[in-house]
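There's a structure below that I have some questions on.
Labels A, B, C and D are assigned to the chains in the order they are written; within every chain, residues are numbered from 1.
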Amino acid sequence: MQTQTLERMESDVRTYSRSFPVVFTKAQNARLTDETGREYIDFLAGAGTLNYGHNNPHIKQALVDYLATDGIVHGLDFWTAAKRDYLETLEEVIFKPRGLDYKVHFPGPTGTNAVEAAIRLARVAKGRHNIVSFTNGFHGVTMGALATTGNRKFREATGGVPTVGASFLPFDGYMGEATDTLDYFEKLLGDKSGGLDVPAAVIVETVQGEGGINVAGLEWLKRLEGICRANDILLIIDDIQAGCGRTGKFFSFEHAGVTPDIVTNSKSLSGFGLPFAHVLMRPELDKWKPGQYNGTFRGFNLAFTTAAAALRKYWSDDTFERDVQRKARIVEERFQKIAAWLGEEKGIEASERGRGLMRGIDVGSGDIADKITAKAFENGLIIETSGQDGEVVKCLCPLTIPDEDLIEGLDILEASAKQAL
Amino acid sequence: MQTQTLERMESDVRTYSRSFPVVFTKAQNARLTDETGREYIDFLAGAGTLNYGHNNPHIKQALVDYLATDGIVHGLDFWTAAKRDYLETLEEVIFKPRGLDYKVHFPGPTGTNAVEAAIRLARVAKGRHNIVSFTNGFHGVTMGALATTGNRKFREATGGVPTVGASFLPFDGYMGEATDTLDYFEKLLGDKSGGLDVPAAVIVETVQGEGGINVAGLEWLKRLEGICRANDILLIIDDIQAGCGRTGKFFSFEHAGVTPDIVTNSKSLSGFGLPFAHVLMRPELDKWKPGQYNGTFRGFNLAFTTAAAALRKYWSDDTFERDVQRKARIVEERFQKIAAWLGEEKGIEASERGRGLMRGIDVGSGDIADKITAKAFENGLIIETSGQDGEVVKCLCPLTIPDEDLIEGLDILEASAKQAL
Amino acid sequence: MQTQTLERMESDVRTYSRSFPVVFTKAQNARLTDETGREYIDFLAGAGTLNYGHNNPHIKQALVDYLATDGIVHGLDFWTAAKRDYLETLEEVIFKPRGLDYKVHFPGPTGTNAVEAAIRLARVAKGRHNIVSFTNGFHGVTMGALATTGNRKFREATGGVPTVGASFLPFDGYMGEATDTLDYFEKLLGDKSGGLDVPAAVIVETVQGEGGINVAGLEWLKRLEGICRANDILLIIDDIQAGCGRTGKFFSFEHAGVTPDIVTNSKSLSGFGLPFAHVLMRPELDKWKPGQYNGTFRGFNLAFTTAAAALRKYWSDDTFERDVQRKARIVEERFQKIAAWLGEEKGIEASERGRGLMRGIDVGSGDIADKITAKAFENGLIIETSGQDGEVVKCLCPLTIPDEDLIEGLDILEASAKQAL
Amino acid sequence: MQTQTLERMESDVRTYSRSFPVVFTKAQNARLTDETGREYIDFLAGAGTLNYGHNNPHIKQALVDYLATDGIVHGLDFWTAAKRDYLETLEEVIFKPRGLDYKVHFPGPTGTNAVEAAIRLARVAKGRHNIVSFTNGFHGVTMGALATTGNRKFREATGGVPTVGASFLPFDGYMGEATDTLDYFEKLLGDKSGGLDVPAAVIVETVQGEGGINVAGLEWLKRLEGICRANDILLIIDDIQAGCGRTGKFFSFEHAGVTPDIVTNSKSLSGFGLPFAHVLMRPELDKWKPGQYNGTFRGFNLAFTTAAAALRKYWSDDTFERDVQRKARIVEERFQKIAAWLGEEKGIEASERGRGLMRGIDVGSGDIADKITAKAFENGLIIETSGQDGEVVKCLCPLTIPDEDLIEGLDILEASAKQAL
């Protein structure tokens, strides 16, 4: 494989090509193919961007058909038939069955852009600058979003401009099982000199993807919603990674029965890996004046088209949802088994966690996790780590993965763990 | 046309659908079609995103072919054959003939993301926080980029979080013809108590698009480059709107013979309206450590494919470039004529300005400009205004526009001005 | 008493004249006299600024003598005999017996100025921007210091400029007895995505004065010092209110046996109520370049004179220290008794706390505390509340208070509580 | 002279003891005496803090008398007879004859504190965060004030926390005689994308002391006031150095006939070199709620006493004012002569400038100015430099300086210039 140009011309900032230093050419559902023709099972899926698999044929057909008609590809925020169709489908397929009523903002096609828009809207709506986010939370790296993102590697690379406008609080479980971390939040809210500026909003992931598959308890989420309501604070669920079915429901917050004031979506939203994002907001929060937030790519019609196709195909009834939950149990069981083996045979304190098909094995250290995933890659499985030290081996396989690929991937992972350690 | 869902569900932040309240369905080169079948000539072209026209057949073919092979669509920052092909093409077709040597960072597919990455890199590279930008400059609205963007409508909608880390200086011509605004910059740099924190970088558009088609003089740009070199300050050219041939050269800074340290590109970069952006940097400035800037959509393979096709088709020799310059003279002449008519017949102090096919007529007030563009829309021409008060009628037609469409559009504009006033 | 001019001309920001709306004319040790000749026992003592009493005759004599010689009053940061004498006395009387080695910075004569200088120095010395402060901490209200001060009333009155550069963590005991809050700090320090930017320094009061007489445990302080050492973080003790003998030692941190890297002093430092402050720093931390921090009043020679006199008089041996501790036990016992009465007779959950003569009764609510202190004022005792809701009746009487005044003051307080409730 | 302790114990931040490395012991009016008995004429006067001379006997008597009665020295912001007397005197002697109506805020006894309070009040009053200050302006170094101070030596020593909330504009004359810098300000105010956030206030010195005795023209000040009024922007005059008679009027803005919305005073305000400051504000701007800005030393009764004595003694009629103006002409004439000599004999482009007894000779470089002032010190004259490079030899002698001392000082300066160069 020819990689000199890539190594020479691409910035050193590149990462995945270091873990998986091959040139990929093709992909179908849960399988990637490199230039030599070698196939890999994909448990990464664009870090959760390809919930419906690579080149999903159903969705691709919608895209190709649209292109064939010379449909509008780029039209800033023009009204288009594709946009209208997407909004109608979103309402019919997603909002109505769930009793939701949101307005939709297309702020630019990336998650960080959606977060920037969401927290800015919250600030304007509430007239307060502070946003509470949580330890190990990841919400993007543009400067506004970065204020809510915990990772030092980004926060320390701003060249002398500290982030402004956010405060971190401990996520569920951060202080051990004995402590409900929301006690601390509630105490701070009631404390006139606690140092917590009353926030406009809380932004939270129900399952922290980059942070290490940290799962917020359903009771904790429900209590968080209650605290927000009681204190006139907006609840923003950042469902960029956990949404679009990843946890076994379309929105990850459905499990907890909470109704966020604002939701951010991106990653798998287009259904095809196209850049696409939106912010959902309760209608009365739509404080934007025309043009107060802009950008060139705030309405990508190819993504409207594929996103609508994905919604219609997978979310018109609960078949898909139940299938995801079924597969989730397979992964859960196998991950528990691997974790148990690590403990029993290798003395590594390991544990399984997750919700739906957003699952991980915490192996305690980034070094061990790296050994396992490097060996897995040798064996034909693409899987990454997450967590503050990269200590969690993370499965984000396509939700559409065939059972045989899923089993094969899990087999490779288990074998790789055994070979690596 | 059915617009209720659009009006009800989309956030009030929407803008273009207010000026052009129709539902578009199809587009080809410089013509848009709405749901009723009515056609419009497009002098907006996605605010400069569609330099090669809507649904450029040559580029579309490359896209459709790629999709047919199940090529990688989304792969985070994986190495792919499409990425390699794009980089090789960029080097061969663009860098080498111009004697340029840059490394490439794909920071996320939007202009604001490229600006965030560029200024952050500059800060890290120089160990200074300040970025100088210019009056009427527009560089994006995420919080980092917003610090360098002059528009109050965005700056005042941050909900109580002032932007940090940038200083504004007067753009070329801002203080009248008698004053070289760089005198002020140079004085401030040499002044130990002038209040200007020595900047890591200057970020500048050679022609300010949103700011009102304000054209930086070639001497001014050259002097700016000299000041930067003399003071160890990086020169960032934001070529998001002015680049990709818009001014009659691939990079807008070629006219002035300057070599920026860092360049940002987006908008027309994909050639097809797909979200795509990159940052070019002198190799020694590549201070990024692996993963220090990330995002989900930092390598959109469909855009690599279309972008490479566009480069090969339009930039392998100077035919296209010369054709753009030829069309530019047509627009310039007609704009001058319209401006003259406004002055002579209506007593409106109007003037033409621009570089290449990035041209405007300054009609002195947003009200007048709105009247003209509203009438033009009635007459089948889509054209927008820019400038701090929207006082500049701006032509950003596709560079590939057929002469007959160009003439027809100009005719409509002239007639509309006469009808409107 | 004539108060119209005062009410008309002084800004509404005034506070103490609302609680004690009389015009004071004279004061001696622990007694204040108003214009009508009425005397008050002073348990406020300039919020801890008059540890040696009002118009301490010994110190006043030094001041009057100095004035008589036409000694330098104001000389910017000139070397003067008074400054030299102060530094020598500080070294001989305070540093040497305690085994301390500090350099001294006179940054301006107020506590907030000392804090601004201290945290800026820490940032420069460590090359990191973040400062950790604690819930209910108070370190001043100028913008730099305010970032470390928890009170909403100040933080919300900045007119749209959020503070930058500090993070709050829970003070000792904040999360209940079962939780050592330093576990949370230590976890965050070791967490690469916890959201805590590695701090340059921690700033802490050993007893939080404004925050409600919250007493940091000696073990907690010792552990905090250890965490700082282990993580290359500077430990700043803000001893502005708790220092100068208030807790029964000259420095409040002596009890815990910790050695801060940086210390801030003000309030009682001059011994006479004159504006005076300094920053002590380990010599190797003196990263200031000449003139990098300035101000007009950074060496107030009258204060050098009175401060030296106070040190010589009260700190040359441990007589004073032991006397303070003796009185502290009297206050402690009486406060416990009052707290017990409140609980038993009134069902008010009240408790006593403090260290040395920095003591309070937490009566659970600001309303109750206000009733007690208002009644006390009627009865001739000046005493204020502190705590986030003003729920702590706070005793900061002069350390030099005669026993009979102390007892009388405590009697009044007890009687007032009984009358008020 | 014993200086080891001073050199060892005081932070390296010290400055004046580097230029004048002697130990001072006594001072009277315009003469300082060092430990060896050597006398110096003082053209520095505490950087404008001793307008009434060192140890002014009249003012000292008031102080000594007050101390003799055991008057309140420190009482937080208690009402005291001394405070009332000061406010009444201020109203009678200063406000009424000038037709002024201000409320008074005592925010802490330093200039920087007054500036912090003033700009915060302006932000709260106008609901906007931005403050416009000017090139070469100096308003203090605590973080809020520092945002408005131009000096790099302070701005670059914040340890990675950029200042927030202010924008610099060119002071009068900054861009040469041909340009009225307020044209730029006015253009920016009217420009919706100029990058200037509409300010809450402008803060300006009528004569920039630290900045190099840059004198704002009276027309320029008047126009600035007009621009502020027309745009609902508050005008803050920072009269900390130029006020209290320094320019020949009590307030320096009297010359221009402008009426600021807010005024800051400090330095000579106490009349005796005591730390003292206040903010004056139009009554309707007093938006403070009780206690929203606090600090320990916000009512220094010794300073009330001396300040009232100074006002009564020097400002009850115009005798003093006229005498200052008379002396100013002497200095002006001699400075012009020295400047002329420098030009004619040494080819140094030098010029004189100033207003009242705030005067300087710009000798073009800090090196030359340092040579002159170092020689002057050898010859018994204490005089400092100012300006961005220290290029201005600055006379801030006591306004009460006897003519013979003034002449002698000027003679020394002239001789020193001749000897040094």
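Just so it is clear, a contact is a pair of C-beta atoms (placed from the backbone, for glycine too) under 8 Å apart; a residue touches a chain by one contact, two chains touch by 3 or more.
Nothing here was measured: the structure is a model prediction, and the numbers come from that model.
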For chain A and chain D, chains touching each: B, C
Which of B-C and B-D has more C-beta pairs touching across its chains: B-D
Whole-Å gap separating chain A and chain B, where each centre is the average of the chain's CA atoms: 31
Euclidean distance of C-alpha centroids - chain B vs chain C, Å: 57
Where chain B and chain D are represented by their mean Cα positions, the distance between them in whole Å: 48
Per-residue overlap in chain D, given as positions that touch at least 2 other chains: 129, 153, 160-162, 164-165
Residues of chain A touching chain D in the complex: 160-162, 164
Of all residues in chain C, those that touch chain A in their complex: 129-130, 133-138, 149-153, 155-156, 160, 162, 164-165, 167-168, 170, 174-175, 178-179, 183-184, 187-188, 191-198, 210-211, 387-389
Of all residues in chain C, those that touch chain D in their complex: 2-3, 5-6, 8-18, 20-28, 32, 35, 44, 46-47, 49-50, 54-55, 60, 63-64, 67, 69-81, 83-84, 87-88, 90-91, 103-113, 116, 120-129, 140-145, 147, 153-154, 157-162, 164-165, 200, 240, 266-267, 272-275, 279, 281, 286, 288-297, 300, 302
